[in-house]
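In this document, chain identifiers A, B and C correspond to the written order of the chains, with residue numbering beginning at 1 in each.
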Amino acid sequence: MSEAPAVGETPRYYVPHTSVWPIVGSVALFIMAYGLVTMIHQTTDKVAAEGTHGVWIFYIGLGIVAFMLFGWFGTVIRESVTGMNSGLMDRSYRMGMQWFIVSEVMFFAAFFGALFYARVISVPWLAGAGSNLETHTFLWPDFADVWPLFMTPGGTETEAMEAWGLPFINTVILVTSSVTVTFAHWALKKSQRIALGVWLAITVLLGAFFLLLQVVEYAEAYEELGLTLGSGIYGSTFFMLTGFHGAHVTMGTVMLAVMLFRVFSGHFTPENHFAFEATSWYWHFVDVVWLFLFTFVYWF
Amino acid sequence: MTRNGIRRVIATFGQLCSIVLVIFGYSQAAVAQVFDMREGVTEISQRVQNLHHISLGVCVVVGIVVFGAMFYTMYAHRRSKHPVPAKFHESTPVEIIWTIIPTLILIGMAVPATTALIDIEDNSDPDITVLVTASQWKWHYQYVEADIGFFSNLATPQDAINNLIEKEETYILDVDNPLVIPTNQKVRFLMTSGDVIHSWWVPDFAVKQDAVPGFINEAWTRVDVPGVYRGQCTELCGMNHAYMPVVVEVLPEEEFDAWIEDQRVAAALAGEQAVADRSRTWTMDELMPIGEQVYIAQCATCHLPDGAGQGIRYPALAASEIVNGPVEGHIDRVMNGVADTEMQAWAPQLSDRDIAAVITYERNSFGNATGDIVQPLTVFESR
Amino acid sequence: MIAHADTIPKQRHPLIAFLLRWLLTTNHKEIGTLYLCLAFLLFFIGGAMAMVVRLELFQPGLQFTQPDFYNQMVTLHGLIMVFGAVMPAFVGLANWLVPLMIGAPDMALPRLNNFSFWILPFAFILLLSSMFMEGGAPNFGWTFYAPLSTTYGPPSTDYFILGVHLMGVSSVLGAINVMVTILNMRAPGMTLFRMPLFVWTWLITAFLLIMAMPVLAGAVTMMLTDRHFGTSFFEASGGGDPVLFQHVFWFFGHPEVYIMILPGFGIASQIIPTFARKKLFGYHSMVIATIAIALLSFIVWGHHMFAAGMPLAAELFFMYATMLIAVPTGVKVFNWVATMWRGSMTFETPMLFAVGFVIMFTIGGFSGLMLALVPADFQYHDTFFVVAHFHYVLYPGAIFGTMAAVYYWLPKWSGRMYDERLGKIHFWTATIAVNLTFFPMHFSGLAGMPRRIVDYSIAFADFNMLSSIGAGLLGLTQILFLYIVVKALTSGEKVTDAQVWEGAEGLEWTLPSPAPLHSFETPPVIEPDDAHAAADRA
């Protein structure tokens, strides 16, 4: 078995022999999953689960996941900094990230699919479109096909979220942040440390601001519009899409913040900054998803 | 191709596959009965069977060619007979040929399938419309024009299911009230469901359509031959999915009209009976046996004959707080059920007398001893 | 040069060292072994559940199980076989073989590889523990249609949902790894069109996984929110539709069934040329056909829902698209036959399983084609005819494929030969048992027996008894297989030749047997001619 290479010498392909982080991560995911279910059971009436500490189990799991990511990426960073990552390795990471984003696209595709299905198929059918006249006459005689769905077949009412208020501001924010992160990238490639730091910091702030506005928007939806998770398929798709998008923005912002920190620690070079690039891809992806969201959830 | 031409092709394929099956050692009649798709009693079901024959025939022929070549080469080109392997590989013409031929065969199969499908999906101009509403685990049939409706429950005794008594020919395919339809009329079915997805299937009509809660799917049939036809629910719908038979009785037209009339009269009589029931006070001894009957027929699948329930999914009625609590709560639970659970609303399904009886029974059995007697009038008033 | 950072100190208690080795390993061969062992264990568990099912169906009437428990067994059997047996087995084979076949030192992302594996046991603990919960295990079929699984699902459904999430994470990460390995780690000179077919089929399988698994995650997420957070994706009263669930599920589900067969195609394409001692006929058309199958698999999902109430146009579209898949699949079958044609064949156990695979998969494919015809599907749908179809493509398809692979590569993995005579006995008993179990199901289906029923009308009794007897025999053959593998590993004849099989070609056969823990640390150089031959032959 060959020894770890001396610092500075780049192996053709660095194969770590063992690592504790994956098993830590698996256990953590298990704890999180278990905690999440107990938490849900605790807070809803499906099962009486008082006395179980779902929330805490969940947070413990989440904590270990964070710890694992910290440790895992820490190791990778150390390897990268000590020059053990060959160009081939770098390409593996890049491709890995790209395919990961593809899988994320498909995850959102499922929810967009649900949205289109509701708008093009189930809502019109419930109102008697196509060969579904009988559905309308026998089951939902009072239901009319409008979108946003102000009144569900079951009679739940809601108001729609206006596109040109907060959502539009959020669109501007995200698009801007996509631009700023690109400026940061250019700066990085030209070794302009200060510009890099500034643009990246602005991006992080924009991300955080977006999230803040989204919280405001949700509060407005719940309190003023009566638009909730429970207000029919409009509310369901609205919160599912914007919610998962928000979760991704949160992830992205945290990742950007970590990058900012690493920039301060002087980790990246104009040639070697995969983590930064991956984060910016992710950020662009989140941005593109938002554009679709804005178009199909808010606008049309 | 003309219709006749198609018919001839169909017939040839049909014969072909029968022959193949006969080679396996069975007479054609036996083959048809045991191994074939059912022919059924409608024009559509027969066309579907033909389609089955065509596709089976195609597969058998392609199979004979492909497997024949394979077995031949395995025999002839095994090492002991053919020690030096040939060197050839890759041939574009060959690849093209074996791409195109299957494509053509498939197009040939798609044609009769398409025409049959178009006819099957033509739900227009029905003579009679029946609204079929599924629920766990029974069917409700509503004759839309005649405005009569009833539930259709499994009639096979529990003892047969538990292997305590002999099983009859129609084991688990028997219901208390079959759907009755006339011959030679286009009957349209509107399928829907009150809880989960079920599927209404009568093989002899080649009608299988899912009953989806909140939506109505349509299907139709026109049966020429009077008789009793049996099928089952074919979509997994929970615990008693196996015990949800569909039985259709097809009557000659005049008899059907008479049957409808009978139903009307029966409904009127039941109304009068209900008035009579609620106008007098019932005793415990009268209600208990009726209650037991209703309980065993309707409630025991979930709550078990001894009221012990099944874990947390189906609560025990023995020592239940609701059963031993105020009568109103109990009546409400039975009449209105609990939304989004298997406990359905029984008010539309049972008469005042039956509900009163079953509640009385539950309150005085399984170790419950409230001594309460619930009167049909009380039930009527809480409707 | 390759570097390894070895962090396990040498002096440890042997048990701890053993545990640490398997828990922390990043070696593709060790992880491959882990996957294969887990798959085999879960195959036994899933198979034991099938035994419960067959025991109950031995006769009409309730015999051993209560209806709800029966439904739990069917559900868990389907889930475990699909997600626990077939998929991990294929990933295990990919782990073992892909780096060897393309001349890579390891998988591209070794730590991620370990992560993908170790998520799985936990996912199955979540799933299996549901059997011991109040209200019982999931009981709504492996397809978990709403609203039976949402509004009416038992409390354990939520554990099931999270279990599926974990399996999804594992599969996606595993697929990304395979994808990147194949795209990035090939030895110099190994162009895409020189890769062995097993690698090709896995490349495409990985693509299917990356595209399909996230959609399943989306489906179960919507289930979770429908169950607990008041959304109404699958509820008409809120404007949703229970059938939407089926669309989302089958958009994942149909590619999933090809995920369970494409690596099997790859295995057959490796084995048949070896024992026919003749190049694979039509390497390029094999690759193109695989790609065509994969692409078509995304537009045929509706064929599972013909009875759910789709408009005529959609039914026609899905019917035509589905039928079209027979064309590229046919190309594969014909190519296998042409490969055998005028070869010089011997029939060692791997070849027997490969040939059995081709024949019986084709039979399953034929019944698939029959199912695709909508009017006929109205009769077949949700009957045992469908059960017969998918067991033919899955058991003598996916499982025979895996077993062929194990017999074929076991000498390379372990350096020991299995017992040829026992292997042949295994093949013939398994073949008889499979057909005895699953062929009569065609007839019970045609006669009108719905699937997922605990009890059936006496008209179907004979066929069911046959199936149950076959299933018992099939169970015994599994024990034989276990015995053969254990015997080979512990006391099998040592293999000295790197080549193992006279006709075998490909990089893995250039390594000593057993393959050393670390291989191709310096990439092999693929001479254009050699490589071409290797790729073409393989």
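By our rule, a contact is a pair of C-beta atoms (placed from the backbone, for glycine too) under 8 Å apart; a residue touches a chain by one contact, two chains touch by 3 or more.
Because the structure is a prediction, the values reported are computed rather than measured.
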For the protein chains shown, what form does their contact graph take: line, ring, star, complete or other? complete
So which chain is the furthest away from subunit B, centre to centre on CA atoms? A
Rounded to a whole Å, what is the gap between the Cα centroids of subunit A and subunit B? 45
Approximate Å spacing (C-alpha centroids) for the pair subunit B, subunit C: 33
Contacts with two or more other chains, residues of subunit A listed in rising order: 47, 125-126, 131, 139-140, 153
At which residue positions does subunit B touch at least two other chains? 214-215, 312
Check: subunit C positions touching at least 2 other chains come out as 134-135, 155, 236-237, 241, 243
Complex contacts: residues of subunit A adjacent to subunit B: 47, 125-126, 131-132, 134-135, 138-140, 153
Subunit A partner, complex, touching residues on subunit C are 1-8, 20-21, 23-27, 104-106, 108-112, 114-115, 118-119, 121-122, 125-126, 134-135, 155, 158-159, 161-163, 165-166, 169, 172, 175-177, 179-181, 183-185, 210-215, 217-219, 221-222, 224-225, 227-233, 236-241, 243-244, 247-248, 251, 311, 518, 521-523
In the complex, subunit B touches subunit C at residues 34-38, 44, 47-48, 51-52, 55-56, 59, 62-63, 66-67, 69-70, 73-74, 77-79, 82-91, 94-95, 98-99, 102-103, 106, 109-110, 113-114, 116-118, 120-121, 160-163, 167, 169-173, 191, 195-197, 199, 201, 203, 206-210, 212-215, 217, 231-243, 310-313, 340-342
Flag every residue of subunit B that touches subunit A in the complex, lowest number first. 123, 131, 190, 192, 214-216, 218, 312
Subunit A contacts subunit C in the complex at 1-5, 11-23, 25-27, 29-30, 33-34, 36-37, 40-41, 44, 46-47, 72, 84, 88, 91-93, 95-96, 99-100, 102-107, 109-111, 113-114, 117-118, 121-123, 125-126, 130-131, 139-140, 149, 152-154, 156, 228-237, 239-240
